[in-house]
Amino acid sequence: MDTTEIRTQIKEVIANATSIDVADIADNSSFEDDLGLDSLTLLEIAVDVDHIFKLNIPDEELSERLQHLRTVQDSVDLVVNHRSHKNVGV
Amino acid sequence: MDTRVVITGIGLVTSIGIGREMFWENVLSGKSGISEVESFDTSAYSVHKGGEVKGFSHGPFVKNIDSDHIGRASQFAIAAARLALEDAGVAPDDINREATGVSMGTTSGEPNQIELFDDCCVADETNQVSPYFISSYPCHYIAGHVAAELSLMGSNMMIPTACAAGSFAISHACDILRNGRAQMMLAGGADSFSRITYSGFARLLAIAPDKCQPFDKNRKGMMPGEGSSMVVLEPLDLALERGATIYAEVAGYGLSCDAFHMTGGHPKGDGAVRAMEQALAESGTSPDDIDYISAHGTGTKSNDFHETVSVKRVFNKAAYDTPISSIKSMLGHTMGAASAIEAAVCSLAVYYGQIPPTINYEEPDPDCDLDYVPNESRQQKVRLAMSNAYAFGGTNASLILKAYEG
Amino acid sequence: MNRRVVVTGAGIISPLGDSPQAVFSSICEGRSALGDVTLFSTDLMDGAQAGEIKDFLPQPYLGKKNFRPLDRTGRLTAAAVQMTLDNSGWTVEMREENLVGLILGTMFGGLHTIAEFDRLGLTAGPKFVKPLDFANTVINAASGQTAIWHTLRGVNSTISTGGSASLQALAYGMDLIRSGRSDVLVSGGTDELCFESMYGFYRAGMLAGSISGQSACSTPFDIQRNGFATSEGAAFTLLEDHQFAVDRGVSTQAEILGYGSGYDYSQGKDENIAVKARAQAIQVALDDARLTADQIDIVSASANGSKLNDRYEAMALLRCIDLENVPVMAVKSSLGDSLGASGAMQVVLLIEAMKQSLSPGIQTMSKADPDFSMLENNIQNRPVEIRYALANAVSADGNCCAVVLKNISDE
């Protein structure tokens, strides 16, 4: 799965968690400022992304990761980095 | 308020003791009720502890109704109700049935029953769902079963306002008595441990891995628990007439809503402040008069900070002179039972002149700089005690109990 | 303090429509809310029918917003409360200035959300349960969500007493205003149609036709009745201190005069106790309203087709009310039983009955039990001038609540 596909899937996750149209989610949209998401929604997005991409982020790390998840791009980077780190193909 | 309402009996089912005496002795000695969760498998979770009530048997308590088809919270509630009546010196057969009611709170009702339902669904055995599911799951059956067990025809309420439910139930019971709709009320709250509740809080990253440390600098979260507390409430004149022991008088209460966030409080504690102010106004007291605050004190970074801010907003300088402790440090968060247990604690603090500690307090947090009664209980005259509770859904309750002085 | 409590607005969402007038007309025209269920399969329930609000969407009521945080129960609540606030003139600005409370009656809250949350934990593991769904697993979730949605910062409470929940909520709200603790609040109830509750009722043999060999008859008081039909919906009234309403120049529809409540501690097993508990609640309501039974012009019954509970209610009413002459409406005959929402629906429709001077008939009834055969007088719609009305709601296990209302549209 390339970065574009990852980005598309993540935008769908965000759309499901927020009822915001995928078309209205820009690559660099900020979760809080642009999309108006609260902490609970952000957590749900992180959990869904973890589930879909099988990141297996331990709970102990999740809290910290959430602090750095500010934009759509941050979540794409999270997936890309995690997958390359684990040498996951496709 | 014309009719004065007093607490004349207290019954408790908790992880640190069944019954008022055992509970009070243990809560003053700072006993922890936290242990490894046994009621379900936590190996797939990153946390494993909670405040389960271990070894509870409903046998001695559920005598009149069929105990096979009632949930755990109902069992707790019936036990606590019977213990409260016994503590009040009221024989169940002597109760005026038409004039005695039940007012209770809960967060989840009987979640174990929907869990059984779901177990069937997931195992593709939906047709095995129990025919008793629908008469054991709905939360109003908790209050209903207490009434059925004790043959009580009076007003029967279930107010599931989550973590503030006990206070809502007790304050409602007071209103019922003040309005002359009953001569005695059993009021309190009950909740049972469940994987649903545990999973949810674990998913919110809200559960502490080892212990609950309210107001501590390194606090890591709350600890799910379970239990029940029921109090006997009566109009003062009736209590005096029968020579009842009066633990405390209900002086006033306040209820409010943040209308801000479902699981987090208002950033400036607006709702919490209003609830405290209403309770103070109704009881005709000022913050300087309050000798002890039973905190909501869940042990999460957020609650304990915001609660401290709210208390300071209402109490100003007096906040620094008012001991404030959280028994959730010992019991964990017993959900709908919590504020009912805390009302019992305030009543006993007032009656005995003793204040329970906040245990596991190791390092002060500069942002939480009040006197949290760290680790050791205290002998201190408590004329007025305030109990605060803040719930999911942003609903808040403050209850003030005062010493009965004639 | 003993202030007067008045109704200045109402809202309803039901399978028969989303305005009090529309629902009332439907009932008077003999329409039924019951039909095939599309939300879930009823294969395990012999294809039992239920009252489903087909194609319910919150957008027409609440605008285009993010509805993910709200589940069906939350959406129904927020939508019905919006209409209630609108037609009582409580604007957003006014709600920001004043503390408006919300008292929500519900039997189950978001039961479907609770179950789905749990089942996902079982199948995908606890790591992947949904945080937004967890917020809705507490029974007071819809009340909290709606308060956020509509800036309702007064007392926020949830009452769960089974089928009597939203009438108990009304009584609770009335006490808050009467005593001076609140000036204004929204009170009512919601329950959603979901597989879990409907199947639960089916497994217990409580649904009409769920005992094999019987064809379903959920007509209240009918001699052939064999259970109830589940339904869903939300209904609310805006309650205010009378003087407050007068000062802001709004028209008042009805006054809540008093209530009584109690519990059948036999939980339906002993007719004497069952009838006594119901009758006591009704008598206390009359006493609280300072009325005698002969002043009641109409009764809105809780009856839903349950063999025993309908009988208990009829026998209790017989003790207090002249059922030969006083019309009895039983809206669950048309709407089905919307559980925690039903009491509030009864009140909203009673107010409509007051406006139209008409008691809607129980049109599917052919014959009632001999002990209360006079209820057959209510098969057709009955014209009636209504000054005082009695609403009665009782849960399956016997949690009773009776409320007395007064028509003050001429004040």
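As written, the chains take the letters A, B and C, and residue 1 is the first residue of each chain.
Going forward, a residue touches a chain if its C-beta (ideal position, glycine included) is under 8 Å from a C-beta of that chain, and two chains touch if they have at least 3 such contacts.
What you see is a predicted model; the values in this text were computed from it and never measured.
Taking B-C and A-B together, the chain pair joined by more C-beta contacts is B-C. Comparing the CA-atom centres of all chains against that of subunit C, the greatest distance is found for A. Chain geometry summary: the mean Cα position of subunit A and that of subunit C are 42 Å apart.
Taking the mean of the C-alpha atoms as each chain's centre, subunit B and subunit C sit 29 Å apart. Rounded to a whole number, the gap between the C-alpha centres of subunit A and subunit B is 38 angstrom. Multi-chain contact residues of subunit A, defined as those touching 2 or more other chains: 40, 43, 47, 59.
In subunit B, the residues touching two or more other chains are 202-204, 261-263.
With touch defined as above, residues shared between interfaces to two or more other chains in subunit C number as follows: 69, 127, 129-131, 135.
Contacts from subunit A toward subunit B in the complex involve residues 38-40, 43, 47, 58-60, 62-63.
Those residues of subunit A that touch subunit C in the shared complex are 16-20, 40-41, 43-44, 47-48, 50-51, 59.
Across the complex, subunit B is touched by residues 44, 69, 99, 101-102, 107-109, 111, 114-115, 117-119, 121-123, 125-127, 129-131, 134-135, 137-141, 143-145, 147-148, 150-162, 165, 168, 172, 175, 179, 181, 196-197, 199-201, 203-206, 261-267, 273, 276-277, 280, 284, 395-399 of subunit C. Within the complex formed with subunit C, the subunit B residues making contact are 44-45, 97-98, 101-102, 106-109, 111, 114-115, 117-119, 121-122, 126-127, 129-135, 137-141, 143-144, 147-148, 150-162, 168, 172, 175, 179, 181, 195-204, 255-263, 270-271, 274, 391-395.
Considering their complex, residues 65-69, 124, 127-132, 135 of subunit C touch subunit A.
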